[in-house]
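What follows is a set of structures for review.
Look for subunit A in each of the two complexes below; its partner is subunit B in the first and subunit C in the second.
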Partner chain A sequence: MILDRSQRGWALSTLAAFLVATVSYAITAAGEPDGPRGGSAPGLLFGGAAYAIVLFAALLGVRRRLAGWQVGRAAGWLRAHVWLGLLSYPLILFHAGFRFGGPLAFTLLVLFTLVWASGVAGMLIQHFLPRILTESVDQETVYEQIDQVCAQLRREAETLVGGAGGKTAAVPRAKTAGAIQGRVVESRSAVEEPAADRAPLERFLADTMAAFFASKGVRSSPLWEHHRRAALFAGLRQRVVPALHPVTRDLEALCSQREQLEIQRRIHLWMHGWLFVHVPLAYALVALGAVHAVAALSY
Partner chain B sequence: MATPEEPVGRLVGEALTAEEMLALPVFEGTSKALLEKNIGAVVRRVFPPGEIICREGEFGSTAFYILEGAAEVFLATPLAHLKGKPRRSGLFGRMASFLQSWARRAPEGEADPGGGGTIPVDGPVDLPLDNPIADLGERDLFGEMTCINFYPRSATVRAKTRVVALEMLRNMLDVLKRGSKAFKEQLDTNYRERALSTHLKSLPLFRGLTPEFVEKLRERVELVSFEPGKVICGQGDPADKLFLIRMGFVKVSQASPGGDVTLQYLHRGDYFGEMGLLGSGVRTATCTALDHVEVVQIGREEFEEMMREFPAMRAGMEQKAREHAASNALRMESLAALPVDEFLEQGLMGAQSLLLIDLERCTRCDACVHACAATHEGVTRLVRDGLRYDKYLVPTSCRSCMDPLCMIGCPVGSIRRKEDLEIVIEDWCIGCGLCAKNCPYGNINMHILGEAEGGGEEKKAKPKQKAITCDLCAGQASGPSCVYACPHDAALRVDPREFFLEERGR
Partner chain C sequence: MAKRKTTKEIADRIDPQYFTRPHPLRTWRRRASLGACGLGLAWLGIAFALGDQRPYLDGRVSRAHAFVEEDCAKCHVEAFSALPDAACSACHAAAPHAPPALATDPACASCHREHRGREALQVVADGRCNACHQHHGGVREFAGHPAFRVVDQDQRIRFGHAGHLAPGLAGGPLACNACHVVDASGEAFQPIRFDAHCAACHPLGFDVDHPAARVPHALDAGELKLRLDAFYLGVLREDPARATEAEPRSPVPGRDGSPPPPSWERALEARTNGALRVLLGGGAGCLLCHTEGPEGVAAPSIPRDWMPRARFSHATHRFTACSHCHDLSGNDRATVSALPKIATCRECHALSGARTSCTTCHLFHADLHPPPAGTARVGRAPPVR
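Then we have the complex of A and B:
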């Protein structure tokens, strides 16, 4: 979610709610010599409101699973999730009166802090990373298809290097025409040269490139770094006959595409990885919060 | 006579000599020399009861003329529902499905199946939508569109009794149509007697015609053919006829400063020419035959008589004409305001409702894809991949093109454009895949439904499939699911002309 002008309404409402809650807390705290407590009426109100927000925020996961349901625009749900989630933390602090309480309350507060902080981190990540991904990866594909595309790149490299049989390889390229940009595929006929001349290419493919097209260990490959890759291909060009130079350039293009896919994979993991922290902790918070509420109200 | 059952050219069957052909009434009047030149282009075939003569969706190049026996023509592909219909399980899921289907149901009188209750097929009859099966008998010709225009077979034909039929290639069909007056007359009579009234009744606007008036029309209409590329009526010409398409595809275009703009494609069962007749008396657009087209011409006199006798029909037609004129004017107007730059090359200009994904907002969570799948029985109609325009991704999803090339050639007319923007593929799609092949952007997918029985000579099982494309979640009050389900406001459905003009202004 991008934090832009379209969020102004939510931001101002959240700020207003925060100010109201702060003033209320200040008034309540001033009236109680021992400080405000979670069990008092205002304390329960703050706690109840914060827990209600937590429950509502947890429903975002349900909303996502029921993608086809007509229960309000998902964008509206996310905005509510983010801004009410931000508001929930001061509310819970007001509920606790800025005290840690017993072990359960302490655990809950730590959990709440982690959930809130991971949520804020996620919000910032999803604010910046889409732009970074768009700018740095111009040959993006569907994330789940990355391994298949890598395997396809390797097959195309083998076709280019193999050369025999008049086969055609599809070499992906990033192409820009004005404002249009995208991955295009150019057909390349394999160059027919004697097998002896192709030997350096075959060795290079087997020894250096093959590992680069694997799904793991890409960053340890010498082809990962731009300058090393350029040097390796320059060296390769010196070892092959001039007729095969276009093939080396196509192989370099395949490596460049592989690099892009790896960058995409990494950014994608960052963009969604924080959810592996945020979501389980949030469910734990919902469960422990319920236990805390029942226990506190019962005793 | 050639050896029976010996393959002759591309045909398998009993080849006929010129003498044998001339002995058949259907060849009466054709030149013997011409027939001798085309030996091998027609064979006699015998089909035992129950045998499939031709199968829907298959590509062929022959037509069949029944000499003896009876056959039935039907759609073997189930009228499967691949429209927006969520798949849910569990009590809450079923409740939600019920509520949603109730909310999305078409209002009374709006359940227009496109053909108004019939499915046009490549034969002398149309198939009723509720029970798509009809009979063929002696002297019936079917497979004409496949033979002439090489479109896929539109329906399956099975012998009911022992059927003796002539299977012929296009050259022989041409010889017959041009040389045999008897054959031409037979086809015209068959059409007038069996298909004309069905065609008229299949059009909502003509449903009010009385049987007496249809009878009168039957005698007075003209059946005319046009070769591919031939202009049927030109913009600015005097309007003197209404045309009802009997066979083939017609392109309707209007002249604009940047060249001709295609307004729509019409196919069997559609009509055109009414705007000129009802309005200024001058043609408002040019109609061109895209392939071999046969039309029924209703003259001005009959048309005016029809308008006089059926005022309700006149009102309906005038209303339709006004709607068409307004939408055409809007299109031409927006085209005139267009910037001519590279985005035109990508066909973005031709789109009417384009799905864009703002890549600076999109977290690649695929909520749009999941929502699309959830709305359409688990099968997504959108792939989040494609070219970028500026910071927007143009994913693989129907653009509702202004020039919907996908609509050309559908043998059963199941892909069509509604009055609003969306392109819909109706349930009677036979899965031939022509629309998917024709779409320049790869935005129509074939969805496998299951295994079908083997057919014809080969008994190999063939998968049943249907074409699917984005229908903009037609009927869903909240609009397209992909946009509705995007948590980041990254998915947008826009009119590209307005949207990019506005973007440039920023």
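Then we have the complex of A and C:
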């Protein structure tokens, strides 16, 4: 979610709610000689509100799974999730009276802190990293398909090395259909290359490139670093006939795509890695929070 | 130049059914979620199986209640309701509010807030007191505390601290603890005892011919006369000739001044009366320290507790010199006590960080201000012995 002017309404509403809650807490706390308690009426109100927000925030995951559940727009749910989630932390601190309480209450406060902090971190990450991803990865693909695309890149490389490359060529041209005119890419049959010694290409593919297209160990490949990759391909071009130089450039382009996919994978992990903290702890918070509510009200 | 891919080639890269297959990230996130929930619930489940309810505590209970910390139901006898006083009185026989009694005492838990840590149960916030004691104008801080109300009564004693602390005192000036010894409670002092504290300098002698003779302290008039009669009877028996000696008398106007005929009875009576005059008359006998009442020497009435609405621990303040609080420079025989003013207390308890809460000096329960065993709290104290 990008934090822009469209969030102003939610931001101001959250700020207003925070101020109201803070003033209410200050007033009620001043009237409590022993300090505010979660079991008092205001404390229960703060705690109930915070837990209701937690439950609502947890529904975001349900909303995403149930794509056909048309209760509001997904973007609206996300905004409510973010801004109400921000508000929930001061509410829970007001509920606790800034005390840690017993073991379960302490655990809940720690969980809440981690969930809230990871959520804030995720919000900032989701604000900045997509821009970096767009700038540094111009051939972004679906994250879950990266391994499949890598395998396909390898097959393309094998095709190029095997001599099938060049059978078709992409030719850009302008095309007009009625009143509509646009730029398209068409596949055309290419001129068959003369027979050449492809052994250096085959060795290069097997010894150096194959590992680079694997799912793991990409960063340890010599092709990962730009200058080493350029040097390797320069050396390769010296070992093959000039007629095969276009093939080496295509192979280098495939390596570049592989590098971008790896960058995308890493950025994706940063963009979504915080969810490994946020989501599991949020579920634990929901479960233990329910136990805490029942136990606290019982006693 | 890099080979340009066709849109078809690019589209073919994507498996259109990819979202139907589990992805490691989502799978592991789901497992982590289940694991986190399971871990938390397992913790509570194990505690439940072991009968340990401490996870649900709202903070540690006080030291006195630590032994029931694992069993919430020991105190929380009714679910979904406030803690009843019956839960406390099952173990504690707490006295009601100190005088004046209240029509309805507040609930135990309204002042004693549990789950505030090991030491906190007896600590009652000032606001709890001020909620009712608004007639004090709400003593929000010690600086606004009214002046002390001390016991004001005739102590029937003449004693000047200043004279006993003076450098010129025969035998050297006394130190405070020569007479004032803190009792076992640490709050009050042991009673002053004549034999221990006074007799060395103020012996109850009565006859210059018998300087070693003494009478016990705190005898009533009848007992004293019997003692003296017995003493002089012994003297006369040892030396019968003295019984026949003429009684030395001063001439009285209108009489011839000749002594009456001697007899044992008259000799005994004369000597006993002479001793009684020494002991009871003039300013050097009993009345040196005691005042005279309708029935003779009045028993002293020194309050054991000068401020019955509060408590003060001399033991706690033992590092402070007595003279820091008690100004005895002008203490003469007419003013026995030298209680400090509240301003003296404020030097530490309002300005230097010492505790200033209500419960530092005042306690709620009547039984926490008991008179020391065997002594009256206020009023007539036992006679000085």
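In the analysis below, the second predicted complex is superposed on the first by the 266 of 299 C-alpha atoms of A that agree within 3 Å, B and C clash if a C-alpha of one lies under 4 Å from a C-alpha of the other, contacts with A are read in each partner's own complex, and residues count from 1 in each chain.
Here is the rule we go by: contacts are C-beta pairs under 8 Å (C-beta built on N, C-alpha and C of every residue); 3 or more make two chains touch, one makes a residue touch a chain.
A quick note: this is a predicted structure, and the numbers were derived from the prediction, not measured.
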*Should the pairing of subunit B and subunit C on subunit A count as a clash or a fit in the superposition?*
fit
_Contact-wise, after the overlay, does A:R249 reach subunit B, subunit C, both or neither (first, second, both, neither)?_
second
*asked:* Between subunit B and subunit C, whom does A:T141 touch in the aligned arrangement: first, second, both, or neither?
replied: both
*Thinking of the overlay built on chain A, is A:P130 touched by subunit B (first), by subunit C (second), by both, or by neither?*
first
*Who does A:R64 touch here: subunit B (first), subunit C (second), both, or neither?*
first
*asked:* Touch test for A:V291: subunit B only (first), subunit C only (second), both, or neither?
replied: second
*Which partner, subunit B or subunit C, is in contact with more residues of subunit A?*
C
*Give one of first, second, both or neither to describe whether A:A41 is in contact with subunit B, with subunit C, with both, or with none.*
neither
_Just to be sure I read the superposition right, which of the two partners does A:P280 touch: subunit B = first, subunit C = second, or both, or neither?_
second
_So if I take every C-alpha atom in subunit B and every one in subunit C after superposing, what is the smallest distance between them in Å?_
7
_On subunit A, the residue positions that both subunit B and subunit C contact, one per complex_ = 141-142, 272
*Sort out for me which residues of subunit A touch subunit C in the complex.*
32-34, 37-39, 99-105, 107, 141-142, 144-145, 148-149, 152, 160, 165, 169-170, 172, 185-187, 246, 249-250, 252-253, 256, 272, 275-276, 279-281, 283-284, 287-288, 291-292, 295-299
*Once bound in the complex, which stretches of subunit A touch subunit B?*
1-2, 6, 64, 66-70, 73-75, 77-78, 126, 129-131, 133-134, 138, 141-143, 177-182, 268, 271-272
*asked:* For a test of understanding, state which residues of subunit C touch subunit A in their complex under the given definition.
replied: 1-8, 12-15, 18-19, 23, 25, 28-29, 32-37, 39-41, 44, 54-60, 72, 76, 79-80, 113, 115-116, 125-128, 130-131
*Mind pulling up the subunit B residues that touch subunit A in the complex?*
86, 88, 96, 100, 103, 341-343, 345-346, 359-365, 367, 370-371, 373-375, 383-391, 476-478, 481, 484-490
